[in-house]
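Presented sequentially are two complexes of subunit A, the first with subunit B as partner and the second with subunit C.
Now for the complex of A and B:
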């Protein structure tokens, strides 16, 4: 969608000259710093806030650890030391050895607990993203072109409506309608495509709302710009106007919001997976939260933040390629 | 100091919307919010049933005149539980928005107003907070604080700090360049006086709009935390908990999910509409 934004420009040639290496390095550096800060922040939330989930959890009768096992784990996390020493040790372990620590429940490495959930969640988030983008596109174009009486007005209220519906409720309604009433899939034995489509639609509905909101207002704004007026007065067709002038300009702010909603996509996947009983990173986070398995929780949430930062970094870096005006600004 | 008070404060005024057909949506939204607030303040006026005491032989009754939204597995009146659950929904959302608004305003105002190094540091903090998916941030906070509805509210509030801070920072940046701020300095105002007397009051319309929007988001997120079991345990009257309870009976008794669900959606939808009306100023 966004690639239409650069008409007829020798991209690679411009890249070398105008795309400042310092800008790229600075942005990557910022992103790396942000990842470390995210980890530190989550560490602070978990350790500094009142309550001590780790040692409380270790002593819980459910786990049935011996005093020696508890002491070993406490020593592993340096829980006998001041908070700052714990943080330093955790960072050292993470950065120097790539070690995310041990899960409190099985004593397994955190990485092996989390790794299992990643492909399934990426699949869900990916499918859901595609559906959300299509949904937002259809709603926006419909809202922009249809006269208010023929449904354009109603379509404009969709984003607001979608934003008002909690994820878990959408999931339950979809199960009720499509599984219980229409019988299109069975919630107990469903697999294959239907195991992906229904949760993906559930997740896509609230996620599509901000995209559609921004896209509609960007289209409206582009329509009132002088270049549109000129193009229309020159007798350009509706379709050509859309493709040549409106879409390229409206695509840019939409791209920004699309990168930002990645966070909602990952946060929402936790609830969606819980509703549909679909295994994934969200289920890992949910189990870790219920069991107060802090190391797993810390790593999983950091991971989602990393994904968010990487996608936003990519968007930031391709932005100047798409927008000639920004290209000049970054080529200092 | 005396001279400062003679500088007219260029406050944005919140005028009451004129009642036209175009404002019909706003009117309906305001009515819904009024009803919800009334439920929260005096739930006993709207239902004679108890939200906790059930009549076992009246379990799983479909919605009827006697039980507007039907009854649940313990024979409790679902409408009464929805009405009594409103208070917790409204109060917790207020706590959440209050926390987000207070901490976010402080960070955003200071960052935007003082600029330079302060802005660089606080701006980074805002970026980092924004990078963590809001709902997951709330989950982490509620896990550290312990599972309870109040903690869920605090958690959701903490997860919205960055959103408020970002808006207020950009508003502060905009306002501090306006002529009346300059003239406040000229007549001898110091930085703090200008910050709290002139910059802060002039950011409030957009902040109010965001606050209303975040109120709806807080209701959704707090109920999602309750749905996952991170809020207060049953038998608390709570919308999210009600939906979670109803989902086990969804196949045969769908009203257990739909009744609290629809009330929740209508409430948040009304808040979204009010947010639109406030930010457009009509």
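Now for the complex of A and C:
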């Protein structure tokens, strides 16, 4: 990689420009390529695999279609053409018109089906993420600092306990206790804060577990490092030690796991949305998968891939800001 | 997703996780706000809003998508039909005034009710009905709109012969055309503004204009449909208890897919009507003052087709043994309650053309064992299942994805068959692949296929069993085909009914069919929701329903 000379600039500007433009472009390029590959791969899988879902659906004896009607409908969905022609048409439609086609199940445009689910899922995933991060932080700090007698040991078992609790079971218990028995919220309401908070907690509990696990072990590891020993021997306070030495060093592995957690959030949102009856992207994907609604599935999986890659891209770009060693490496 | 837990099991699990103290404290708060202390003579009151919880809700609502038991209940609240089946399963006119036909049943003239309007202001007349019938009978491949499968393929064309009379022409005689039309849930009459739209826009409920007592106020795909009362409505069915607008001002239909959550919502007063209550919860609900509606109507029992093109199903002795090895009363006692009934033949006993054939398939394990021995299945494998030439006598089945009780039924049947040495293996399949994988044309054929379908009229037997139609037994039987052809050709109800009985007798005597128990559409409702009923389809009726404060 070519070296880019970094002129002296104010600190903030130096931070932002501290990695090579080529590093950023390469990362973005990789992400775009991955999205295209995901789209094409899904297209090929669903088109080439035996048992075309549309014709299978049309040939169900229940529908009683004539061969001509079946052929007409296949022609309507352009399924009578070769795979490459279908792919070409799908890409042309997508790139030129932003049109993902028609949902086989809903009969509505795919964009409208997907768009209907996005805000609710982002809301749920966002809220869960914040709750999970807070929960993980509190558990980790508690487990790290509290003596075993005062519950520190018990707190250390929380991540494994949370991880072993199935999402739907947490949801059902929360609904039974807080909705049916205490009447604090109604499962028939799916808008507003109360409709968000309970599913968000449900989703956050298992999601917080890996974050807390990594954070606790990263804190443990950082404390045994020489710089900690030196800092402690210099008489540094516990709080200062945490903020100045332990947290920055434990942040990197935690950030990595946080990026991976996005996948858990999306997967978990499917189950949480199903249990709480929240209409969202998870429900859309679940229905599309069970109904073999290929156009919707294709759009939803591509969108998920984009989301996943964007988050990972952001994390990749944050690393150098957190770790001066990476900053130097990427600037080289 | 199917993770079903009984509500009481959930409580014990909840206690495990959340601490029994908390839940014990909460238990007192549980209750039924709507006890059934009904005043029978109370006067209906207009107004109020109810929540109706569905196990599954559509993502799109073009009329071709409303055939499932889940969807047709909702569709029937705001869309109306030319003819319907009343609670005695008699066909009666609603948006029609009646019909006549020519001597050879190739022309049907349908009178149309006057003074009816769609919710967008358009008028119901012969023109709009003809437009509807042609879409229903022929479909429109240029818009990917399928024809309605239950309408006979002999449908040719409908034309308006006057302002309020439509003539339907068929290419060949089909005496039961009107009955077949009345029995098709996706043949409601919609406004021209709706049916002229492309499929994508018809799937959007905000474009659905119909003639019912409620209109769609808003909807959310796969989640919710909100209906509001239509204040100028004044053309109820003849079987309604009042005229004018409906009483309930607003109905919110929501999907809650978990059985126990639907029941929990009903018990905690968050919902007033619930579709598909698990039978195990019914007795408890009844004890708490809720109404249980098990609407047994004209149509098939819950049973199994034996596909005679599958392996080891050709021998009638084996088929009879399968039938005789099922203790139906034990199934009712174990899985259901006193509101459910064992089957007496292929169709529910309420069906006007039902015939009691119990003698032919009465539980008789000794006879089943003898028949299987005679058929040569005399060996035994290490698990005790019968074998012949080293092959185990095994059948596979895919429990239905359209109802919520199949798996329990089949699990118990597997235990009962094991007693006579027959192995029943249950397999899983997802919602959409179910139809494909159980299709009669699939190779190798599945040996058993469930049925739980409505049938207003015996012509539906022809639809299911004729080798040129759905061919559910998997192999053409000339004698059966001839009988079924006679059913659709017969010209009077009496003639059709008597032939329909012969058909039932034939399929039972030949053990093509395993009847198990009668199959209702079931609902549970809050005690203070009065006037709720079902018709002969059965569809739920809320037009006369009202909330007693």
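Following the convention adopted for this analysis, the second predicted complex is superposed on the first by the 266 of 332 C-alpha atoms of A that agree within 3 Å, B and C clash if a C-alpha of one lies under 4 Å from a C-alpha of the other, contacts with A are read in each partner's own complex, and residues count from 1 in each chain.
Note that a contact is a pair of C-beta atoms (placed from the backbone, for glycine too) under 8 Å apart; a residue touches a chain by one contact, two chains touch by 3 or more.
Please read these numbers as outputs of a predicted model, since none were measured by experiment.
**Student:** Touch test for A:284: subunit B only (first), subunit C only (second), both, or neither?
**Tutor:** Only subunit C; A:284 stays clear of subunit B.
**Student:** Using the superposition on chain A described above, determine whether A:180 touches subunit B (first), subunit C (second), both, or neither.
**Tutor:** A:180 sits against subunit B and subunit C alike.
**Student:** Touch check for A:91: first (subunit B), second (subunit C), both, or neither?
**Tutor:** neither
**Student:** Under the stated touch criterion, which partner chain does A:164 make contact with: subunit B (first), subunit C (second), both, or neither?
**Tutor:** The answer is first: A:164 touches subunit B but not subunit C.
**Student:** Applying the document's definition of touch, where does A:172 land relative to subunit B and subunit C: first, second, both, or neither?
**Tutor:** Touch partners of A:172: subunit B and subunit C.
**Student:** Can A:102 be said to touch subunit B (first), subunit C (second), both, or neither?
**Tutor:** Only subunit C is touched by A:102; subunit B is not.
**Student:** Between subunit B and subunit C, whom does A:231 touch in the aligned arrangement: first, second, both, or neither?
**Tutor:** A:231: touches no partner chain.
**Student:** Report for A:154: first if it touches subunit B alone, second if subunit C alone, otherwise both or neither.
**Tutor:** neither
**Student:** State whether A:274 touches subunit B only (first), subunit C only (second), both chains, or neither.
**Tutor:** Once the two structures are laid over each other on A, A:274 reaches both partners.
**Student:** Just to be sure I follow: which residues of subunit A are touched by subunit B in one complex and then by subunit C in the other one?
**Tutor:** Looking at subunit A, the two contact sets intersect at 51, 53, 165, 168-169, 172-173, 175-176, 180, 271, 274-275, 286, 289-290, 292.
**Student:** Within their complex, state which residues of subunit C touch subunit A.
**Tutor:** Touch list, subunit C to subunit A: 1, 3, 5, 7, 10-11, 13-14, 17-18, 22-23, 26-27, 29-30, 51, 53, 58-60, 62, 65, 139, 141-142, 144, 146-147, 149-150, 153, 199-200, 202-204, 220-224, 252, 254-258, 260-261, 264-265, 267-268, 270-271, 430-433, 435-436, 439-441, 463, 469-471.
**Student:** Hey, which residues of subunit B end up touching subunit A in the complex?
**Tutor:** Per the stated touch rule, the residues are 124-125, 127-137, 139-146, 216, 220, 223-224, 227-230, 240, 243-244, 247, 250-251, 254, 257-258, 261, 264-265, 268-269, 271-273, 276.
**Student:** Under the definition above, what is the set of subunit A residues touching subunit B in their complex?
**Tutor:** Result: residues 33-34, 37-38, 41-42, 45-46, 49-51, 53, 160-161, 163-169, 172-173, 175-176, 180, 263-264, 266-268, 270-271, 274-275, 285-286, 289-290, 292, 294, 297-298, 301, 304-305, 308-309, 312 of subunit A touch subunit B.
**Student:** Which part of subunit A faces subunit C closely enough to touch in the complex?
**Tutor:** Residues 51, 53, 56-57, 59-66, 69, 72-73, 76-77, 102-103, 105-109, 113, 116, 165, 168-170, 172-173, 175-177, 179-183, 186-188, 190, 271, 274-275, 277, 279, 283-284, 286-287, 289-292 of subunit A touch subunit C in their complex.
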